[in-house]
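Shared chain: chain A. Partners: chain B in the first complex, chain C in the second.
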Partner chain A sequence: MMAAERKKILLVPLDPVHDVGLKLIRRALKEAGHDTLLLPPGLEPNEVVSKLLEQNGVDFVLVSRTIGYRVGELLAEFVDLVEACGVRERVILVVGGMAVRPELAAELGFDAGFGSGTTPEEVVAYVEGRPFVAGKERGTGKKKVDLTAGYSYAYRNREIEKQLDLITQEILTWVGNKTSPAVERARLAFSALRGEIEPGEFREKYLGYCDDLVRDYYNHRRLPNRTRLLDREELDALERHQHWEGISTAVREGLPRPAIFIQYGTGCPIMDIMHIKTCEAWGADGVVHFDPSWGARTEGLLAGYLAHSEDGTVITLENLRLLKEYLWPGTLWQVRAHRGLNTPETVVLAGEVGADLTKINMVYASLGAGMDPARMTVDGVEAIRWAVHYGLSFDVVTNEELCGVPAYKAFAGMLIVAHLARKMGGRPILQPLFCRSPEVMIYGQMKDNYIDYNAAKILALQGIIDAPLWPGAPIGFLTHTEDRVQSAVTTALHACLARSLGVEAISIASSDEAYAGGPIVAASRIDTLRGTYEGFRFFGSAGIEPTSRAQEWAQELVAGITRVLKDVASSGSFVQALYRGLLGSPEDGAYPGRVGRGTLLRKEPGEDV
Partner chain B sequence: MFKVGFAGTAKNTGKTTALMYFLQQAFAGCQRVGLSGIGYDGEDLDHLTGLPKPRVFCPRGTIIATAQRCLARGTASCRLLEVLPVSNALGPICLAEVVNPGLAVIAGPNKRGDLRRTLKAFARGGCELVFVDGAFGRMSPFVEVDGLILATGAARNRALDCLVRETRALDRIFTLPAAVLKGAVEGENTIVIWGQGGGTIRFRETSLLSPELVQEVARAAASAEVISLPGAVPGRLLGKFSRELGEDLAGKTLIVSDPTKLLVLGEYVEAVAALDQIAAFGGRVMVRERIPLLAVTINPFYPREVNNTFCKDFIDGNLLKQALAAVTRVPVINVREGGPAYYLDTARREVVTIDN
Partner chain C sequence: MKYKSRILDALDVETFLLARDEGEAKGIMEGLLVELGFADHDIVFLEQVGCGVRVRARAYVHRPGVSYGWLAGGEQ
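== the complex of A and B ==
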């Protein structure tokens, strides 16, 4: 039954031959119960207007024409003729075709314009006066999703579960009464944000746990190198820049998975917002905040709207709030906390500001990001505790693979952190890398194809535990070149493989991310989002079939993981295992970090969160 | 309030450039100026050719009518005065005052009725002078303005003789004498024929859009005195009408609603050929509503297509100006000639004329 008022629509192919698009639209309009009359192609404007005048009560005239040489003039003459005949006020004129945009429609005198990619449903919605808020129908897939929903976290491999139990129990016991400057700052920040502590007292205590760089900033307004405060005019300009066009279509278009994440961190939160809005409009489901590497090696967080002239956007409460303000409500937002001296405090800020996800992995932070294993373990446990408090799920990344650590060792570390999170009530997401890692370059697992070893990783993890998987980060890492087309294609193919394997989410790079040598450009983000969209469209529900090697490698990975976990468990100390290289050794390319070494403190008796 | 339209015979004929000079001049005269347009102006690159376009700079105090979402697209800071009950393909149109000068994107009402409503809003806002920028060769909405500045040039046609012929035609059409309809036919908005004992014949149609209708109206008009054609009258079909009636046109008056109705489909030259033919047979053509032509601006620039893209090119501006000045009574101004000072002087004379 038709809900909307029946409309009379004249469909005009103002084109010598083409009317296919209008035929599709006519079918949708007829199905919706509207009266349609499709004119033949090749009529002159005066003939079309004659037909319009002959028909009584036409509500809409939908003109189709691909823009080309002198076509603008032809369309403008048509509109002018309708006006001169005295019927312009009575009909709504719409133009559609390749290269048509609303601006051009306005210039030509039409009431609306639809370009390539417009669906018949969108036109029906327009005719019925329903808001098609840049894709009500097409955008339905962009509702915020819980990546961990439906997963039991039940183990399918009991031996691995047993080893993980032993290791994580030891970790919790070891952390026991230890604390760190970061743990204390996180608690102070939490109290201050709730107004439970006077600003003066907070500042004094907080700065007591900070580096000179942070103290200088608060006490003397001395900014770190390559940073500056955004001025009022810049923030006002952002406020005025409100014509975001909204969401066009989800890359995964209506299907529940995988959610597509992009990573931002241009250094400037305003520029980040531009990138985020671009990616939202081109169908990204989520965005990941990248902070500068020096921020992770500094005790304490700065404050204010801070811009940074190199990679990574400084984490401050104000920057995060600004970014959150401009996020579309359906966009998932991850603030990384995994690899620095401010890990617990970052989780507190992310939770307070309203992030959906964070990122925690003390193994990677210790072996691939320069952090002292003991300090990072204490901070990591605290960060997980805060993530549980705020209901933030988090991924456990395995970027130590990029240093050369073989996948089975990296996965063992990831599973330890994930199991620890489960013990503490968290909902972790496993993040295996979909990359051409040093390991495969040496041992040749990707000599023939990129499918089998990536598939093996997923099959191995799926065989161990029923947990969500989020390959990253970004997928296809180290298969990208400076050629944007090549990069977009390899990203799209890895995305299709990930989708075929049934993962929950993927992170994709821009097509110039690996070789930008500086700021990346918005157009290159669109390359990979569009490429992935087309890949998903191409494969649909059809899958990619790995060879038998995938299963063999999956079994090898599981065996390797089991072996490593047994070694760690029998060593009796997770932290010592990190120092000793059981989860990644100097021979592999992993070195236990030194940042934060010797900074652990003893907790006051009876103190807890 | 005086309303000036800037119409072009085609895209890229210099409408916006001309408008900018007039806008500055009007501010020099301390007038409260309103600005709108029936297209989309102020973008840095042309939607179709990709070539740079003149930007629209608005001094402080300019009242602009544009799509509300375009306010943020320029650098001018604006204070919203009113959201009008009028919209275009970019959404609702608003009236806003420029509080910090800068560039603006103007996408105003693009149909006649909406332009009328917008002009009333300008009047409520206290504007003394309103400029309305055109789009492509669209003329019909300009029925609502008090005077027209017409931009033409190489972008319309690179052949000088064609531009001369067209400009002569436009001058002729815009200077057609005015007629006033009274009595029973005064409010008619369809084709009506009357006089000389044939009675009054009313047609259902407003416009002469098909050869069949031309024949039908011509047959009915054979013994009539007055033929009122309130809608569109394309030049070619007016020519056919003239040929159908031939010598029967002697003593007959054709009344067209306004000059824009003879300009549809860009058939000016054909329309004027028909006017000449009607005059030769002893008939005449008048308009119910005149739109005074104030000036013709010329632009020797044209976008030249090279390998599926466009580049800038020019014809001889002096030759063009001399040739067009010979066929129109209004001033002919080259937007690239003599610099702003010359242009402003010419513009001042025109604005003074408007004031008087």
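== the complex of A and C ==
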């Protein structure tokens, strides 16, 4: 397709042997519809000028040469000869090569100069007289993807499906007559956002379901420790700030999977925006919102543009709207809701603001994040209901493995939540831990390599159900050190393994993952995105071959999952199974949490269960 | 320092120091950062192998939530 005016271009490798760069550029120019003539390497300047004179109507001469000893004189001699022949005014002279800089090119008499790292697309843009914008040229792979598209959620393991049916039916029956402060707040927030309730009435009812920390804020403007409100001047300055022109290609460059997610949550939404823009530019497909842990243990959400001076960015409607405003349209956005007292309400805000994904898992929240199993089950089911309402797909994370829960138990819990979501019309994504977990440290499954057990997990899940997989979170967790080279390499290797196994998405850490002395910095995010890009580039469509142990372990995992699900189903109560440790016990390292214990209500408000 | 305001968050200084051990390298890097005018700093990584120590130090210019020089239209 030819959009610009056809140009005639003479390509000159003014070099004894090298012309590869010019061949790449010639291909791009030809594809863009221009006429090209590539001269052989090794010609003297006077011979090149003779060729130029033989050709009629040459618009551009593109000279390729690495700057080195006496090369400047050679290039200047070439420009002088072109001038002496009287054609200088008719042609545009361009020089390119390693160590060429625009100012040096101008000094030597060229119209333009391109150094190392120049893409053929940049040269085509220059020839066509239009500005080069990296994203527009190369960003075709940076389209928002639906991580659940194409998955049937059909079971390949009927026994597991049967057990999951029994367990999830019992859960839905059990939650039937129960509600919680979070469930009520979510419904109030939904009504308020639609203007179905007067602000005064909303506030009174809402605060009736909140902790003192939130009441103090609304009633007395008393801010929680280490938080402050961003002022109008800062927000106006952000609006004027334009340092994020140009979106580059995705790390996965043109391939459908895996989508790469980074996790942000510096505490300040303005700094988050800068980190997000940096990661988008360096190829991230999606971003995950991290909130402070105290937010998950507080009944009720705050409001306003809030900055927090420690890890995690406070979830407020205003903060989420601000972040959304600056997201690239092709970037997937996940707002986590999985592990606290505000789970259903967070899903409502995420849905209202336009997030693409959320995160829900009452098993992890109960066993690894301190939440009371009964409360979390009621809140989790309600959160799934809201996710379905807003069309949000969500991952079901298994980070209870980080407490020491073996993978087969964590996967049983994950499958229960995913099956429940399917029953309710949701689109869950399975998120197995893809790292060096406590289980493998104790039992030695990664003594020889880090491939087999991670592969076994993926193979096991793929053998059970046709569902999207999003290993995390982050991949390679507990293999990182404070050495940024090591950290970026281990992330890249795990990413390449995940890609080789055909997963839908991955969450990657920054190279600051193991550094606990301060906030993560943008340059460390680039380290791992760049490393992952290089890994993907290296492997291309080639795969990584696990040993036979991977299949053996996958079978063991499936057997373990089946056993646990049968135990939970026969116990007759999912919530009691959580308390009793069937999905992760104190011996494993998992303890049923206490946050929110005794707060369940009957559907008629005010009556304790 | 007029260029500081253009640093998004932090400046990392990474090098190989001739030092007896990691403790000495830590002291040298901290002294260097103070000498360069960075009060808020930390040592991210130290590893002694052979005759010296591989080290990465970090000077925070804009911690999250502070007033950002680059947002206030810091000097070009």
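To be clear about the criterion, the second predicted complex is superposed on the first by the 486 of 609 C-alpha atoms of A that agree within 3 Å, B and C clash if a C-alpha of one lies under 4 Å from a C-alpha of the other, contacts with A are read in each partner's own complex, and residues count from 1 in each chain.
Following the convention adopted for this analysis, a residue touches a chain if its C-beta (ideal position, glycine included) is under 8 Å from a C-beta of that chain, and two chains touch if they have at least 3 such contacts.
This structure is a prediction, so every number in the text was calculated from the model and none was measured.
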{"item": "Which of chain B and chain C A:484 touches, first, second, both or neither", "value": "second"}
{"item": "Residues of chain A touched, compared between chain B and chain C (which is higher)", "value": "B"}
{"item": "Contacts of A:53 with chain B and chain C, given as first, second, both or neither", "value": "first"}
{"item": "First (chain B), second (chain C), both or neither touched by A:72", "value": "first"}
{"item": "Partner chain(s) touched by A:601 [first = chain B, second = chain C, both, neither]", "value": "neither"}
{"item": "Which superposed partner A:309 touches (first chain B, second chain C, both, neither)", "value": "second"}
{"item": "First (chain B), second (chain C), both or neither touched by A:523", "value": "second"}
{"item": "Which of chain B and chain C A:37 touches, first, second, both or neither", "value": "neither"}
{"item": "Residues of chain A at both interfaces, chain B in one complex, chain C in the other", "value": "240-241, 243"}
{"item": "Interface residues, chain C side, partner chain A - complex", "value": "8-10, 12, 42-45, 47, 54, 56, 58, 60, 62-65, 67-68, 70-73"}
{"item": "Chain A - residues contacting chain B, complex", "value": "45-47, 49-50, 53, 67, 69, 72-73, 76-77, 79-81, 83-86, 88-89, 101-113, 240-243"}
{"item": "In the complex with chain A, residue positions of chain B that touch it", "value": "10-11, 38-40, 43, 47-48, 67, 69-73, 77, 87-90, 107, 110-113, 135-141, 189, 205-207, 209-210, 230-232, 234, 237, 260-261, 264-266, 305"}
{"item": "Complex interface listing, chain A residues touching chain C", "value": "228, 234, 237-238, 240-241, 243, 266-268, 270-272, 274, 278, 307-309, 481-484, 512, 515, 517-519, 521-523"}
